[in-house]
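Pasting in a structure now, in structure tokens, and then I'll have a few things to ask.
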């Protein structure tokens, strides 16, 4: 091997949400520098939440991320409602899961089609890809559209929906609207199945690696809108125990905070979920897993793509099942009153675990807030993966090939960098 | 502006934001492909196009200016664009993150959050794009809707300025036949001073508008604040209504400031019981 | 059935740049079944529609015949905002939509056998030019023709050559005033009302057509009355926002009148006690 | 022979059935989102039951009682206006063809025959006003001609109502096909048109008892005793009171939000706009409700005749109660009180009128 030096500088990563860049340097066949840096400017959400009313929180935290506002709203509600005298009505809790299904559906479909697939089919972007793969792209846009429609049903619009509130929803959808949409969801199930088969048929790199998986787990159902933390190392933790094991530190070249689990990088997101909770998938999805030959747990990070497709099928199925026989409730919410104290809450955002903590004072205003989003949790894992994958791929590849592989690896985590830095710990970290 | 004869070139730039306004494009579904038939998208990182330096006919800018670097970047964007359109509250009025401007808290907040604040280069005050460069058109809303963005593109394709609809939410609320929440529930609705564009979403969902589209034409914010006081809101709570997503929009800022951090016992001016 | 609310297609035959921002479109209606729309009187107006952009009210300027003997309609437009600028961008061969004619024109019948006094201010000239052209085309029907045109700045004067031409016609007086005059302005500098004072009027036998900003029209009318012109011989052309032009949308109300339907040309006594009221 | 004019409460469904048999879509009052709204319905039990209401300036609340009355409320935020003057509709479409030519198309949507149940006297009077205004408007006419109106005399006017003083209520006076008087156990019924008469013959009616008629009479008298009354003023003079201090006071209290015009059953202003398709080959020309409280209402390029709330409020009041008389032979107000209840800040125009009449105007 000839002595050579490659510097790859991707000043602005494309097809990720938010702003990040990648630098890597290979010298004499060795990776001498690798930096995934995030320059998304901090917006200090946790600080301006202080002094706001508890009921305002859902409208504020939605704005942390335009891609997964529902996740922010539900994690916040879980945290705040843990301080309430009673729980939100069953109807509302069920519908929150449906609302959440909408977000999984739209976010996963967006990620697969607009962000990830071009990598595997050899295009710069989905619009270029649509020229040669119009059916796949249209199928994806349609699924994304259905996810958005589901969010709109409960929230009026798919970005920063306005329907969620403490104690339930502001408004219950009309039964006619529900049945019309359910109809469309059913009609899309075949598309979703095709999508899973299609994703499984892609020539995904086979690159098994060891990692710790972390996901919510719920005793009765595939965890989404609530649950407790389960790790592949065998721990079960409540939201209140999160901070005992998960710590954030600030990287010097970045505005992002990195999270570790007892000092280790870990994975959160679709593959972690599927690995930990696949037993709870409905029968038809077990069949599908058999059909496509996906053995779980999987240690190939690139199976995240298939995991998203499977979760699209799951979200459709769940929404259809839960909306079956829908009737308007007497009241879409219960007027809750909150006690002063600290509330913790979590949910599984499309990209992974999203944890919130709020301290509420006697005056019913927020005294302190802390939010840990999925991307900051995956950060360390992404760098570890990059190191491993690029070395395994072969550092003697040419610059373009290395860059593409690096970007594939990063996109595989669907990092949502916009939120990555909105959430910052209040604790000072040792220098 | 003159008619755009050839296929216009467009760019979508992101500054400090949540990415939600870019979704007005990415959520278009098949219309995204139609749009692509009408224009050349040269730069749009999230969609996979990267050419920030390209000269374009229309640049859509999402996000506010919150770092020194962003100040440089917006000047570049301006220099490379014929027509610059801000999309959303962040770009147009600073957005939620501009709440840090209110009490000049930036440094404290940064130091409280970051172990190594020396690596954090953020501006003390968040600025809307127009504070730094000339803006040709502002699309309000948090987020902007696909319909707004498409209408703007379409108008520019026809070579005319897009219509700037500054009507208040109340008008649309009634057109949508929503039931007024202020009158039936006594909740403090910002609809009377907020511009339309959302289709009166919140009142249609049985809740109060929280002003995400910014001030309407002739926004009677002081009158509305007095009404809120009449509904029983304390001064700080009134301030919170006006100082939220568009806190830097002058009409909201002015009224919000009157009540912001005023002692809870101080009575707001005006009637208490109408 | 197609009803009159539906526009009809008009072909742009010619486009004349009158000043930097004023242009004239010469139009032909493409559908012979729509020719009834050309029974239009000076002072009436059409709604001109630019595809995909919108509609605006524009006064009728003139109708002429082209070489083939087909009617050609002219509208003179100032490019100001969205729609007028979009119309300004059009070229011969382009198509627009047209609805009309709407409103009441100048009282031509009542004017026959009388002297005509046309008082215009600023850009109010397009509807007034239409009546001057009409009067010269039917010269025998009218007595003396007085033309008074006031502009803010001498540079605003439109159709200077036309005024100069009219000034040379027999039985015609042309007086011009500019509030602010550049050097070389051969006419008066000052207000239109001062010019009115100088007119050799035959008050009993004069019909006045006035068009311009409301304060100017009001002042002119009062001056004319002082000079013994009967109030009901003074006609003003009014302007308000118009959306439908059919008396429904409510935007053009001026007191009890809908300007699009009851105007735009109205007798002074009808307007007298409302002109000058703030916010009406 | 005594006339058959009594419909027992349980037979109300016969009326519903009959209308449906005649091919009518039914629209009637329902309790939705805390208000009485006219919406499509199919069965009697969708009507409010025992619902009463409290209306105050800027306030509207429903109250549930044990009564089995269906119409024991005064009104909701909208009268018949949205049914005939659609809040937003496409007037025509244009198409740009390959050769550069333009074509224009109507967008006729044949109106479904619709029977509206529960119409109030004040709203019938307002409909008559709109009938005058929109007499030659094809879009309005089409919807209007499809209506069959079944009125119910108002037995429970709200505190904001003043129809007795405008002469438009509380009973249905004209313009209805059928009118009902709701009593404790049923309805007195009368026809106002040939269509109404024909329908009546197909209903299981009996002759009303003397007691029923007496109850109706008492009810009518009570409903006519309304606190609020239209003050006396000279409509032709309103427009000349521009210098009156009352305008400044009301401008200070007013949000310029336009709710009063939107809920007013006679207000007719609309604006037009163009909605082109993305590909630029077709476009819709639409109209939507506008208000004299909006900036655009008095806009001409470079100038607004009414830049502030004071001018806009004056336009509204002087038009509704003043110039309307000249336009349509009567005031534009039929006493429904909606502009009082649905004003978010509770402005009562009657008070403003009274002030304008009371104090001598300062000069203008």
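Just so it is clear, A, B, C and D label the chains in written order, and each chain counts residues from 1 on its own.
Please note the rule applied: a residue touches a chain if its C-beta (ideal position, glycine included) is under 8 Å from a C-beta of that chain, and two chains touch if they have at least 3 such contacts.
Computed from a predicted structure; not experimentally measured.
*Asks:* Considering only C-beta pairs in contact, identify the chain pair with the most of them.
*Replies:* A-B
*Asks:* Distance from the CA centroid of chain A to that of chain B, rounded to the nearest Å?
*Replies:* 26
*Asks:* I'd like to verify one number: the distance from the centre of chain A to the centre of chain D, where each centre is the average of its C-alpha atoms, in whole angstrom.
*Replies:* 50
*Asks:* Centroid from C-alpha atoms only, then distance chain C to chain D, rounded to Å. What do you get?
*Replies:* Taking the mean C-alpha position of each chain, the two centres sit 40 Å apart.
*Asks:* Between chain B and chain D, what distance separates the C-alpha centroids? Give it in angstrom.
*Replies:* 36
*Asks:* Can you list every residue of chain D that touches 2 or more other chains, as numbers and ranges?
*Replies:* 273, 276, 280, 290, 296
*Asks:* Mind pulling the residue numbers of chain C that touch at least two other chains?
*Replies:* 52-53
*Asks:* Check each residue of chain B and list the ones that touch at least two other chains.
*Replies:* 154, 158, 163, 206, in rising order.
*Asks:* So which chains actually touch one another? I want all the pairs, not just one.
*Replies:* Applying the touch rule to all chain pairs gives A-B, B-C, B-D, C-D.
*Asks:* Under the touch definition given earlier, write down the residues of chain B that touch chain A in their complex.
*Replies:* Listed in rising order, the residues of chain B that touch chain A are 14, 16-24, 26-27, 29-30, 32-33, 36, 41, 45-50, 52, 66-67, 69-70, 95-97, 99-100, 105-106, 109-110, 112-116, 119-120, 122, 142-143, 145, 198, 201-202, 204-207, 210, 212, 237, 240, 244-245.
*Asks:* Within the complex, which stretch of chain C touches chain B?
*Replies:* Residues of chain C touching chain B: 52-53, 82-83, 85-86, 89.
*Asks:* Which residues of chain B touch chain C once you look at their complex with the stated criterion?
*Replies:* Touch residues, chain B against chain C: 2-3, 154-155, 158-161, 163.
*Asks:* Can you tell me which positions in chain A touch chain B when the two form their complex?
*Replies:* Its residues touching chain B are 12-19, 39-48, 52-53, 56, 59-60, 63-67, 69, 106, 110, 114-115, 118, 124-128, 130, 137-138, 141-142, 144-145, 148, 155-160, 162-163, 165, 170-171, 249-250, 252-255, 416, 418-419, 422, 424-426, 428-431.
*Asks:* Per the contact definition, I'd like the list of chain D residues that touch chain B in the complex.
*Replies:* It comes out as residues 32-35, 37, 57-61, 77-78, 82, 87-88, 252-259, 262-263, 273, 275-280, 288-291, 294-296, 307-309, 341-346.
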